[in-house]
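Chain lettering (A, B and C) follows the sequence in which the chains are written, and residue indices restart at 1 in each chain.
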Amino acid sequence: MGWVNAVVQGLLLGGLYALFATGLSLMFGVMRIVNLAHGDLAVVASFLALALVSGTGLPLWVVIVVTVPLFAALGYLTQRVLLQRSLSSGPLATLLVTFGLSIVLQNVLLEVFSADTRTLDAGAFATGSFEVSGAVSVGYLSLTTFLLACAALAGIQLFLSRTGLGRMLRASSDDPETANLMGADSRHVYGIATVIAFATVALAGLMFAIRSSFDPAIGPSRLIFAFEAVVIGGLGSLWGTLLGGMVLGVTQSVSAQVDPALTLLAGHLIFLAVLAFRPQGLLAGRTA
Amino acid sequence: MTLLSVRDLTVHHGQLRAVDGVSLSVDEGEVLAIIGANGAGKSTLLRALAGLNAPSSGTVELAGRDITRMPAHRRVVAGVALVPEGRRLFRSLTVEENLLAGAYRGRPGPWTMAAVLELFPWMAERRGQNAGQLSGGEQQAVAIGRALLSNPDLLLIDELSLGLAPVVVRRIYEVLPGIVGAGTTALIVEQDVSQAMRVADRVHCLLEGRSVLQGRPAELTGERVEHAYFGIGAAEPAQEGRH
Amino acid sequence: MTISHLLSARAARNVHVVRATRSAKLSAVVLAAAAAVLAALPFLVFSTVTDTLINLFVLIALASMWNLLAGFGGLVSVGQQAYIGIGAYSLVALADLGVQPYLAVPLAALTCAVFALPTSWLAFRLRGDYFAVGTWVIAEVYRLLVVRVDSLGGASGKSLSGLSGIDATLRGALTYWIALALALATIAGCYLLLRGRLGLSLMAVRDEETAAASAGIDVRRAKLLVYLVSAAGCGAAGGVITLSSLSVNPDSIFSVQWSAYMIFIVVIGGIGFIEGPLIGALIFFALQQLLADFGSWYLVLLGVVGIVAALRLPRGLWGLVPGPSLFPIGYLVRRSDGPA
């Protein structure tokens, strides 16, 4: 495996990071909530799919098609029941509520599924690959994941810029009170933002679960990736998040080429470097 | 016919009574101007009418329907639109997107995108620009256009001329008859008394949250307005404004 | 009533300003007595009791430090485990160099303050919620750096040297006293720090940062001081944890779980009150003892309690207690005559 291949793999991985980070970015942009349970939600989706596959025997793609909308509905419910209440109690409350949620989810998973490491088996599809040139070979799974991520991001982008409700999401992010004056019920707008966040996090979680192994405690470290992608790209910019995800993916994959033990550290250090020298992110300021 | 009827409305800002037992009514097709010094409670009154500040007591009726406890977003559907103080455009949205945001609820009425662009012709060629890049006067025009696109029966405009050059203010006031002519009733808050007396059918003066004077501009002398505005000899005028 | 009426009416009254109420002075005596009893415990009870109490004292110290940081400094960090870890590893490293481990605890605190200085430069570039996750990443970086140092035992950790010569009972008692001293020192430290000029500055900054800055408060300096003190306190706590466990493991000492504990203790007890961490730690400790047999369900319960507390009790349990503070850091304005 050469350097070029490492960069290509990193870019493909970056698409997945971006998909995973979109929900975090959106929830922060619209509601000013940093969802500390974001990573754990991805893990919950993975375990849910695992249970569905082994419980019903349905093929994996059907399970994915079921899980994502289920999570979207769960998102609306979580927002209306839990997060909306915390919003009125101040910013610390939202942080604590999502942190509490994270602890609850992790430990419920631990009790139900034990601490064993699992994977979602997608058969030959997950391991197959094709050669682009002599040095670069691309896995079907990585490519599909990447294309899926890009399609999801483009879809969200279209929703935000072309529909009335999407515009209201952006308007609420600028000025929630004035959005209210336009007739937007902030609870519903926030609910929709959470729906998108939950749907994308579920999709990304399932992709992660097919690519690599997972266990109940892995959520927080995944959250860190999402957070880094968002900050590297710049807050409030979907394409920035994609760029951030790719920077993170390439950094991790290239550094793994040097020494596999460096993978995480290099990602964190790139993040801290951006923080130190370009705290507004690489593509800051533009909304959506 | 009475469109808006406010009875004994009291609104608190923390411990402070920002609006204190104000009663007023606005007839359909009328322009009512609220005047008063800084801190008289004008903006709070308007925010309460739009549903942003909850009143502590009193009632607000729109076309005979009690809307006192109705949340802001549902008042838009009921036919109330507020142009807030400081314009409050959505800065990351374009001019066109700001206007479309006003049409979010799709209330039927005479105001369409085309009608607003006819009212403010310059907007057509700058519709793709970010709202943050406009001048103060242009922002005020977009804010008014945005409110109109919700097709309100009652248009509330807060501090229309604040921070704008006189020539810009005049140009914005020039469109007011067109707005009222299309069937919209307007309640405007204005610090510039002479401007208010020129455009309004009736004026209402607030002092320290209380209604101290009201009447048609033609019936009010400059001296009475001045006294009410600054609270000179305010011992007895406090009663005058109440019904 | 208008503002001018309110102000003139207030100004007309004769007032005098006091700091401590009589009940606060009484509670100081009670607290001192309680501390004396706790200090005497190793002579009175079995070491299993004192060993468990070490855990409680560490929790009180950690929670007090987080409360200082978040409740008074407005710096909501999820990365204080960085300093617990650095403190723990400093102790181990210093012991390897021949420093008596008990004496190394204050040095571990100092090391943490030294590390916190450059770290703050990075962390303070993030605002609000993003500060929280940013500090967490920084803690992860420290963990990943530590496991790369072979002399610190790498990924498997390292045991503490330099205590083998001391009798086990005496060792337990010494660790207990140090833990008690740490808990008392963090509470007293918070009290003294907040009682002075810094306390006023911090509360002003917490309530309205821009206004505080324009009133001449050096916001950055006030926050930095709090950050350094909190880092030092967590470092000392990390040292005590290591003294008690006699070894250090990078994954557990740098675990974000510590932040979870600190946050829940402070939120349940009452954020922004010096009493909060004390109450919260006692409740947390009691839950821990009661539910020890239920495995991770106890953490689930903890999470739920935390969520409910955040939603229903924004001021925590201490916020429900009416009446004056045990640790009066504010000023009470009293009328010297009757109502004017």
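By our rule, a contact is a pair of C-beta atoms (placed from the backbone, for glycine too) under 8 Å apart; a residue touches a chain by one contact, two chains touch by 3 or more.
Chain labels with UniProt names: A, C = Branched-chain amino acid ABC transporter permease; B = ABC transporter ATP-binding protein.
No experiment lies behind these values; they were computed from the predicted model shown.
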Taking all protein C-alpha atoms shown, work out their mean, then name the chain whose own C-alpha mean is nearest to it. A
Taking each chain's C-alpha mean as its centre, the one farthest from chain C: B
Give, as an integer number of Å, the spacing between the C-alpha centres of chain C and chain B. 51
Expressed in whole Å, how far the mean CA point of chain A lies from that of chain B is 44
Measuring from the mean C-alpha position of chain A to the mean C-alpha position of chain C, what distance in angstrom results? 33
Where on chain A does chain C make contact in their complex? 28, 32-34, 36, 82, 85-86, 89-97, 99-104, 106-108, 110-111, 220-221, 223-224, 227-228, 231, 235, 261, 264-265, 268-269, 271-272, 275-276, 279
Using the touch definition up top, name the residues of chain A that touch chain B in the complex. 164, 167-168, 170-171, 173-175, 177-186, 236, 286-288
For the complex, which residues does chain C have touching chain A? 70, 76, 78, 121-122, 125-126, 128-130, 132-134, 136-138, 140-141, 144-145, 148, 256, 260, 263-264, 267, 271, 295-297, 299-300, 302-304, 306-307, 309-311, 314
Under the touch definition given earlier, write down the residues of chain B that touch chain A in their complex. 50, 52, 71-74, 76-77, 81-82, 84, 88, 90-93, 97, 100-105, 146, 150
